[in-house]
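Encoded as structure tokens, the structure appears first; notes follow it.
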Amino acid sequence: MRGMGLRVAVYGGSGYTGGELLRLLVGHPEVGAIQVTSRQHAGSVVGEVYPQLAARERFVAPDEVEVPGLDVAFVAYPHMESAAVVRELLGAGVGLVVDLSADFRLGDVAVYEEWYGPHPAPELFGEAHYGLPDVFGGANGKRIVANPGCYPTAAILALAPVVERLPVSSVTVNALSGVSGAGAKATQKTHFVSANENVAPYGLSGGAPGHRHTPEIEEMLRRVEPGAPAVTFVPHLLPITRGELETIVVHLEDGTELPETGDVLGWYEEDYGSWAFVEARAEAPQISHVAGTNRARLSAAVDRRAGKVLLFAALDNLLKGASGAAVQNMNLALGYPESAGLEHLR
Amino acid sequence: MRGMGLRVAVYGGSGYTGGELLRLLVGHPEVGAIQVTSRQHAGSVVGEVYPQLAARERFVAPDEVEVPGLDVAFVAYPHMESAAVVRELLGAGVGLVVDLSADFRLGDVAVYEEWYGPHPAPELFGEAHYGLPDVFGGANGKRIVANPGCYPTAAILALAPVVERLPVSSVTVNALSGVSGAGAKATQKTHFVSANENVAPYGLSGGAPGHRHTPEIEEMLRRVEPGAPAVTFVPHLLPITRGELETIVVHLEDGTELPETGDVLGWYEEDYGSWAFVEARAEAPQISHVAGTNRARLSAAVDRRAGKVLLFAALDNLLKGASGAAVQNMNLALGYPESAGLEHLR
Amino acid sequence: MRGMGLRVAVYGGSGYTGGELLRLLVGHPEVGAIQVTSRQHAGSVVGEVYPQLAARERFVAPDEVEVPGLDVAFVAYPHMESAAVVRELLGAGVGLVVDLSADFRLGDVAVYEEWYGPHPAPELFGEAHYGLPDVFGGANGKRIVANPGCYPTAAILALAPVVERLPVSSVTVNALSGVSGAGAKATQKTHFVSANENVAPYGLSGGAPGHRHTPEIEEMLRRVEPGAPAVTFVPHLLPITRGELETIVVHLEDGTELPETGDVLGWYEEDYGSWAFVEARAEAPQISHVAGTNRARLSAAVDRRAGKVLLFAALDNLLKGASGAAVQNMNLALGYPESAGLEHLR
Amino acid sequence: MRGMGLRVAVYGGSGYTGGELLRLLVGHPEVGAIQVTSRQHAGSVVGEVYPQLAARERFVAPDEVEVPGLDVAFVAYPHMESAAVVRELLGAGVGLVVDLSADFRLGDVAVYEEWYGPHPAPELFGEAHYGLPDVFGGANGKRIVANPGCYPTAAILALAPVVERLPVSSVTVNALSGVSGAGAKATQKTHFVSANENVAPYGLSGGAPGHRHTPEIEEMLRRVEPGAPAVTFVPHLLPITRGELETIVVHLEDGTELPETGDVLGWYEEDYGSWAFVEARAEAPQISHVAGTNRARLSAAVDRRAGKVLLFAALDNLLKGASGAAVQNMNLALGYPESAGLEHLR
């Protein structure tokens, strides 16, 4: 009986990550009652609004959630809207809040405000754990888990083992993402006719790359290796629904010997071998290898002619890049096996 | 009356570039009788085999072409099969051969043989003009025009004005191409189910990038600036039919001041302003801006935080990247306006 | 010089049909100055707003159009918005108005009002010619040409020759359309993630088929054969950008002998052989055979086991189903060759 | 430990249905050791050949399968290749063979031979159960379960409750299928460039519909109601990977009163309410509602104007249309819950 397990709430259940999360939680062996919010669909059965979800729960308005007794809350709100809800939930005594927005990812309020704007709850800034467990471990008692951005997840997984071991002088992340990454809002950019048979670079402003995932990647690499360089990040929108591929160009400091491809794969194995959802292979990953799974796949190639290292990372932006990771974070924070409820996504 | 114009032959009319070429030539105001070959479909009416082409010509076997009297021959064969046909056509007195294969693109037989294999007609190596007119002008009396590769076309158009003006120390070309670029042969890679909802890096071998368009890009950049660096070239297969986008990362030699984005756009205007099919814009190009046209679109962005220049190029791999360019090359070689027969593709 | 040709205006230039029309008119040999309206983009250069269009014209607001001296106006507005503009243009003396909306397609105000709502200019109802020339000929002096709906174009082309010759007792049109048919407005339905990897029947309401193209098909078939039956019309949205395929099931009255497939193809040849853009083939048409062209392709199959005739029709919804047809209608109304400006789309 | 459960073999593990089946069996709670065959990939680890499958099993050649001790064998071979293997497995004492080919679906050898060719094991014809449990129940002791075709599954689910209750005079099935339904073989038809941005009717021969799923649908409807009419079946290939939608047109005998839409939905509820994977809804089903699940979704609409009933059915051709159904059939034959191993696909 679901009623016997964890009491869980999903704020923002009508977006893509909220919907995906709901699907995972419904099948999670430890999860009991689920509350899910949607202003727009309050009162309706989830599976009638979203026929691809079998869930029989009803959407409630955010202020209808029964907060007392909640074990875990997931907040799938846009950045700058999330923080206030997180504060409220912590104040009401919820034991664990997994925030899928960008609000608690960065370690420095000033950097947040430079890239996003005024932060709604700066006093909580230090209370969050950056939830990329495969690199930074579990929450270790912190009550906020900041679920990483999808692009940073792929980039940090590929880069962390390298910047830790080699003197890297330049990093360029060429990222390709499916349209679900752009959110459920209907815009000209997400119109089928605009996105189909097209690829569009984005996140450029004033003739310079400026996507907000840039400081997140930089900060996390510098947690691993303080001397890590600034990162150039260029995302592109692809005509697919889900999945993300990053092709990352790494330059080493002058005079550094290039590694062998096998060295890099070995480092991945060393660092990620004990984690369930990160794998390295000699073959370059493709989006179809990971779409619909919670796996991240990594690979590397070394260009001796031109003196560079190429890293490749692929994942499903809605799973390992968002909702799958959120469940993994909950599992680790609460002491369940990392893969609980995610076994069929390995 | 078509009978009154140029007498033209297309060798290899059943591939994608051959078919596209045929479509352009049928509508070309100067072209008269067209012969088109296909071993497989000899005897059949083109428009019955390929219902999307209205052409009423019949395919003939290659040895049935009436060579005497031909004004122009286009050879759309795979590399290493093309050269022998080109030799034969020149020997038979054909005035102009536009070769769409890689056989006469490079200037150095040794480089060709390193990347492709034994060359079937090395004695003709010096008689070819590299047909990227927007950079290298018209054929100027040479009887072979080597039509450039689709990836090199985009890369060289974006890079030539920059390597000519700035001391470039590193070039990485991230290329994204539609599946028509992989050819008409049915393979696991081109199966809809493999390519759809996927993106796959390719051209990697033994853990290193090794696509054959690499030396072509390098050589042409060195014709422009002998000190141009080795090029890292990483192509990816996209789930679209046509079109190509390159996001190119350029590092300058230490101590060089970064240009403004507007400087780069200005150089493009300077170098390409008088050519019909190359345009620069402040906005990054998208594949949908050029698919179905003979245009190449260029743009640039400067990452001051990380000290790099990004260049963007988009074109239709079957038009400006192949058959449209072939017609442009024919026009220039024969003294017609550059855009003859291509007006509706501007 | 364009200034010397027809003076033309396109109302509603920022929708898909308006944009496509503009592209055709820019290349039309008889067209001179083009005015094009967009409330949203007034003042901007067309080719900057829509980089896939090379047009250098500037959008103007609708009330900025210089109406006096206009030879032709095209109105690409939604139904019920179009009629008022048409009335105004006729009042101002414009010689020919091609209306791409549904406002003047039907012959009976009551039927219009049943399916659409109150008609803004019922007094003009009788002054329009239904612009499917391949069946109903040119405008023959009428100043309004009602450009047909895309679905009715395919259905009537396939059905008219059959209902004229055989006693048809039942017609079911299964229609499949690309997303451009749903218009440029960004909605949940046209969101890439909704439409991709999906097919959705639509136009059903209250458990019954109710798409507004139904009465248009019925009326035109009854102009050909007054006893033609009611039509069941079931459209589906497909994950492609352009193109439309109809698979039509025809039952004959009891006791009628089924025709041979070749008979039906022969009737098509008889009725359409002298028209440029309708073709019949033994092979069933596919959307890729006609996308990007102004052609309609027809075919037939006879199911003797089950006693039915199947008809197939394919066309490009933005060309033969909208803007290509509009140009064809203009050509015929003004005495130009049917294919003027459309030659490259055959 | 997997070793403790059912011993299972999958013949033909490198096709799409075989691969999907493997994925389901790996996660099935009752399944232990799995053997999987592939001539081409014998010796390789499944997950290395097909990186989207995490399976660590190794492919074996068909004659390397350890048959003694097998509890269940699944045969995912083409029709006419399957029957001989099925015979051999039964002869070796395997308790249950689920055949995913067409070889044992029909009840009459003569009909099989008319549509397919000489049957390799006609003596087994009567020993098979047609495995559409939602209509025909479990295998009830028969050792061969003939897994239904994907198209017949959708058609029979939608039609059986109707032909049982109303005098149906005509049935036309318009079917739309993703490309995975055409199999893993690389052909011109399955080439990305052929299938993308296209829809193609198929299964027509000599100007008449002739797809082999026709007699399967007819026979099963006649098991439900001996007077059911011949079926017109027109499949179309869609540019999506998985999923199938059928829009079915039903005429009733003259003078029969049309049902209400709600009547039809009620019959579905009556007949399928106790089965896990068939659902009826007022809203027409879309492929995205069922892709990736084992659900079939049904709906209906009544066209009173034209006197017809429309039925809609959608399912995932690789799951409810093939491998999901195969697991469901195994579950029922062996007395497990219908949904065992399929819970996450509801």
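Going in written order, the chains are labelled A, B, C and D, and every chain counts its residues from 1.
Definition applied: a contact is a pair of C-beta atoms (placed from the backbone, for glycine too) under 8 Å apart; a residue touches a chain by one contact, two chains touch by 3 or more.
As the structure is a computational prediction, the values presented were derived from the model and not from experiment.
Novice: Of the pairs B-C and A-C, which shows more C-beta pairs in contact?
Specialist: A-C
Novice: From the centre of subunit A, which other chain's Cα mean sits the farthest off?
Specialist: C
Novice: For subunit B and subunit C, let me know how many angstrom lie between their CA-based centres, rounded off.
Specialist: About 37 Å, centre to centre.
Novice: Using Cα averages as centroids, what's the distance between subunit C and subunit D in whole Å?
Specialist: The computed centroid separation for subunit C versus subunit D comes out at 39 Å.
Novice: Return the distance between the CA-based centres of subunit A and subunit C, expressed in whole Å.
Specialist: 46
Novice: Quick check: what residues of subunit C touch more than one other chain, meaning two or more?
Specialist: 194, 196-197, 239-241, 286, 288, 291
Novice: Which residues of subunit D touch subunit B in their complex?
Specialist: Contact set of subunit D toward subunit B: 16, 179-180, 184, 186-188, 190-197, 239-241.
Novice: Tell me, which parts of subunit D touch subunit C in their complex?
Specialist: By the definition above, subunit D touches subunit C via 170-172, 174, 176, 178, 194, 196-202, 204, 207-209, 214, 229-232, 234, 236, 238-243, 245, 247, 249, 251, 260-262, 282, 284, 286-288, 291, 300-308, 310, 312.
Novice: Write out the stretch or stretches of subunit D touching subunit A in their complex.
Specialist: 27, 51-52, 54, 197, 281, 283, 285-286, 288-293, 295, 297, 343-344, 346
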